[in-house]
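You will see subunit A twice below: alongside subunit B first, and alongside subunit C after that.
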Partner chain A sequence: MSISLKRAHAIFVKDYKEFSRNYALSIMLIFPIILALLLRAADAASSLPGSFATVLNLSFVFLTCFVQACLIAEEKERNTLRSLMMTPATTMDVLIGKSTLVFVMSVVVLAIATYLFGYEPASIWAFVAATILSIILYTAVGTICGLFSKTLLDASLSIIPVTIVFSGAPWGAFLVEDYPIFKVLDYMPSSQLVHLLGLPPTDFTTGELLNPLLIILAWTVVLTIVSVVLYQRRLKDE
Partner chain B sequence: MDVIQVEHIRKRFGNKDALADVSFSIPKGEIFGFLGPSGSGKTTLIKILTAQLNPTSGQASVFNEPAEMMNHSAQKMRFGILTDNSGLYERLSIEENLELYRQLYDLPKSSIDKVLQFVNLSGERKKKVKLLSKGMRQRVMLACAIIHEPELLFLDEPTSALDPVNSLHIYKGLRYLNEKGTTIFLTTHDMAEAELICNRVAILYQGQIQTIGSPKELKKQHRENVVSVDLINGEAYELPIGEGTADQIADWMKRGLIDRLETKEPSLGDIFIKMTGSELL
Partner chain C sequence: MQFEPMYYDGELFLPKIELNMTSNQSIGIITDLKRKQLLMNQLVNHSQYYLFRAQQNEYMRLTVEELITFLINITERNDRVASLIDYFALKEERKVKIKDLSSSKRMYVTLLRVFFAHQPTLVLEEPYFYLEEQDRRHFKRILDDLSKEKQILILTSNFEDALISCDEIYRLNELGFHQLDIRDSEEDKQEVQEQDRANITLQKIYTKRNDKVILFNPPEIDFIESVDGSILVHVDGENYDCALTLTELEQRLLNFGFFRCHRSYIVNLQKVREIITWTKNSYSLRLNTGKDAVVPLSRSKLQELKALLNI
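For the complex of A and B:
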């Protein structure tokens, strides 16, 4: 499938202009920063385990996933996505253009949140890779939510199951002794991020670093493919 | 050369035929009207021709390529589409909306000025779309559909939301485009609109084409062979066309008795009702 960076860029610029004038949505940009400041204060007082992973996991859902879902759902609601698909822009041009805005915003805001929280990763490269993969993953989840939503309200509600399944997974893992089935939650990308971010600054093995990364990568690849296929199918009438 | 060819197209949704064995062709440079009431299958056909929908059976080709190829970028450069499913970005200005389309079609900056002049919105270019009236929005959507001066333009009920003044403005624009070589495929349930701008029309009812031809031909075919005469003394007659009637009218004329004389020509709306036994809605 052909990709035109020029067309993807045009869609990115259009989305940026729309987003910057949509205050109901752009206010979500401050969510990770406020969460980082709040949990930093709590962490300093009680040394909460995995608190920075919680900042990231919630930010991925409420910024990355939510904004992407709303951008897609709004285009569907106003029929602009259909009009876009009637231009020479391909599926990939549209998806890349639309996802780039959410990707750039997430990277910038999470970098600020990381700085404000004062988190120091065991491996900066592993941390950057896991964060980037997670942003792509949650953008794909947001695309899927947007495609299944007919209105902006639907998109907002669709975030609830994502929050429970993805952000709640690391907490569910605490119940594994009572409910062994919850062991599967350990394979969720959010749980893997908790493991990765919880590694001590020294004294960790390459396996401990790579395993979570590979599991997050697998989730990212699968969900990205699903979002592209669903996008093509749901925009074709049958 | 035919721009569109449709052969025995059938589209079934569940157990209902939206289109049942539809065939026709449209030569280059024609304004073709596809007429029918709401729900008669007009939009379904546009969706098939623009690769948004696959037919259940039959074949459709556009620019001598199968219609399924119309979702390729190179083919999309060649056509424009305005449907009731078209949308605009509300928070952006008219100019910003058009700027997106300009970049997607890789056009020079001057194309925005040109198309804004065409839809008579040059003075409003900085206005946000959310502040526009329905008529102005429709004109902006038309501008988006024709900014790349397409070879083929699909219009689905283009004036359904417009007042007569805005409609006339759109008709004028469409004729101008057509003179420059754009083939236009128009669906409407407004028979007067079709009569005004179409070279040829097809009447679609319950998924089937009932008749096809130029408005003039169709009117001729369905003309009632009677002459209506009003005399100055208030008497009115409807006489069958023939030698006797000609003599009678000649006599009235010589005596200066005729107030009004006309052949009874049906409108496309009358023809539609005659063929389907149904009113247009």
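For the complex of A and C:
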């Protein structure tokens, strides 16, 4: 499958213009910033554990995943995706163009949110790697949501289960004592992110650092492959 | 281009169709919604056919110029945006967002996607349906230019739309797949004259619609009626103007099983299904044309009809 940067770039520019003029969608850009400011205030008052991880986990779903799902669902709703399939643009061109836009926006906004929150990671490299992997992961989840929705409305609703499963997973830890089955939730990428970000800045082992990273990497690889395969298969049915 | 036959409820719904398409020619098929879908579903090969479906929508928040730039980039063409906008006659709408265009212009801009298709065959569903007169002209001009290198197939349920830019028109319905005889008026006049000179009796009934002359074989005709002095030839639920008088038509069609059943009606007896008696002195003929057509029958003609049919 050939990938053309020119075509991916055309999709990137087109989606950027569509996104920036769709205020219902682009307002999501300020969501992580507001959340960071709110939780910073809460953190200063009671010093909750893992509050910055909560900012990230919610932002991934409401910015990265939601925007990607809406971009794809809107194209499906207007039958423009089907039309794109008949141009020389390949599946990868379309996915790369869209994902790059979502990726760039997420990175910029989350960098601002991190700065405003004033979070200092145990290891800056592990933090950056985990964030970038998570953005890719949630973009893949967004692609899957977009593929299963026919309209923008469907896409907006499909975000709700994602929020519960991914953003809600770290809170599942509170239930573990009563129901041991919820231990599974500890392997969710969001829970691993909480562990990683909760490491004390001075004393940690490499194993503590690598373990969450590897689990997040595994999730990212699996979900990315699933989303690409699903994308190709769903579009053939249309 | 080939279509496989399709059966529905044990009946042949779509006959096997083979179209010999050459470039520089566009073909129209007049058919209903369901058959349109079935035809398009068979054209899945994206490297061969570009399908433009009627539900196609556009990126609403882009301006016309941005959309055309996008289409050029995505198809990797070497055209310049400004010259294409001139060619599409969209100079005034250049900076307007798609969602702010009038619905006809929006459809016209959406239809421009076919211009960028690289496939050798373009298939369009109802291209003219939502267009106003001026946009129709522009789009016809673009299609005519495209047909120099590509084969164009137009699927529509409207005969007039097919007439706009098709060289050959077929009708596909429960009776099968048949070519309609359309020719440009001027050509046709000459032919009629030549035929007169050779003293050949004209067997086709020529009718007019939109400055085109359409020739019907007599068996195709359901019935002919006279309304306010003009003669309407009814074929498959649609009517066409005819310049001849009923008396002339009656003479011409006598040998084809037509019958003057009323002062202002001639009916094709092959298509009559039922003689309806309303009261003792009033009668009608019901035709088996699918669309429930009923033609009046004069009391005085009843005996003549009975004699003809040996009842």
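Here, the second predicted complex is superposed on the first by the 237 of 238 C-alpha atoms of A that agree within 3 Å, B and C clash if a C-alpha of one lies under 4 Å from a C-alpha of the other, contacts with A are read in each partner's own complex, and residues count from 1 in each chain.
Just so it is clear, contacts are C-beta pairs under 8 Å (C-beta built on N, C-alpha and C of every residue); 3 or more make two chains touch, one makes a residue touch a chain.
Values in this document were obtained by computation on a predicted structure and should not be read as measured data.
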| item | value |
| --- | --- |
| Clash-or-fit label for the pair subunit B, subunit C on subunit A | clash |
| Subunit B versus subunit C as contact partner of A:Asp178, first or second or both or neither | neither |
| Which superposed partner A:Thr80 touches (first subunit B, second subunit C, both, neither) | both |
| Touched partner set for A:Asp203, first subunit B, second subunit C, both or neither | neither |
| Which of subunit B and subunit C A:Thr90 touches, first, second, both or neither | first |
| Which superposed partner A:Ser2 touches (first subunit B, second subunit C, both, neither) | first |
| First, second, both or neither for A:Arg21, with subunit B first and subunit C second | both |
| Subunit C region in steric overlap with subunit B, selected from 185-193, 203-211, 275-283 or 293-301 | 203-211 |
| On subunit A, positions contacted by subunit B and by subunit C | 4, 6-7, 9-11, 13-14, 17-18, 21-22, 78-80, 82-84, 86-89 |
| Sites on subunit A touched by subunit C in the complex | 4, 6-7, 9-11, 13-14, 17-18, 21-22, 77-80, 82-89 |
| Residue numbers on subunit C that touch subunit A, as the complex places them | 46, 50-51, 53, 55-62, 66, 70, 73-76, 97, 113, 116-119 |
| Residue ranges of subunit B touching subunit A (in the complex, touch as defined) | 47, 50, 52-54, 73-74, 76-77, 81, 85-92, 96, 100-101, 103-106, 141, 144 |
| Contact footprint of subunit B on subunit A as seen in their complex | 2, 4, 6-7, 9-11, 13-14, 17-18, 21-22, 75, 78-84, 86-90, 236-238 |
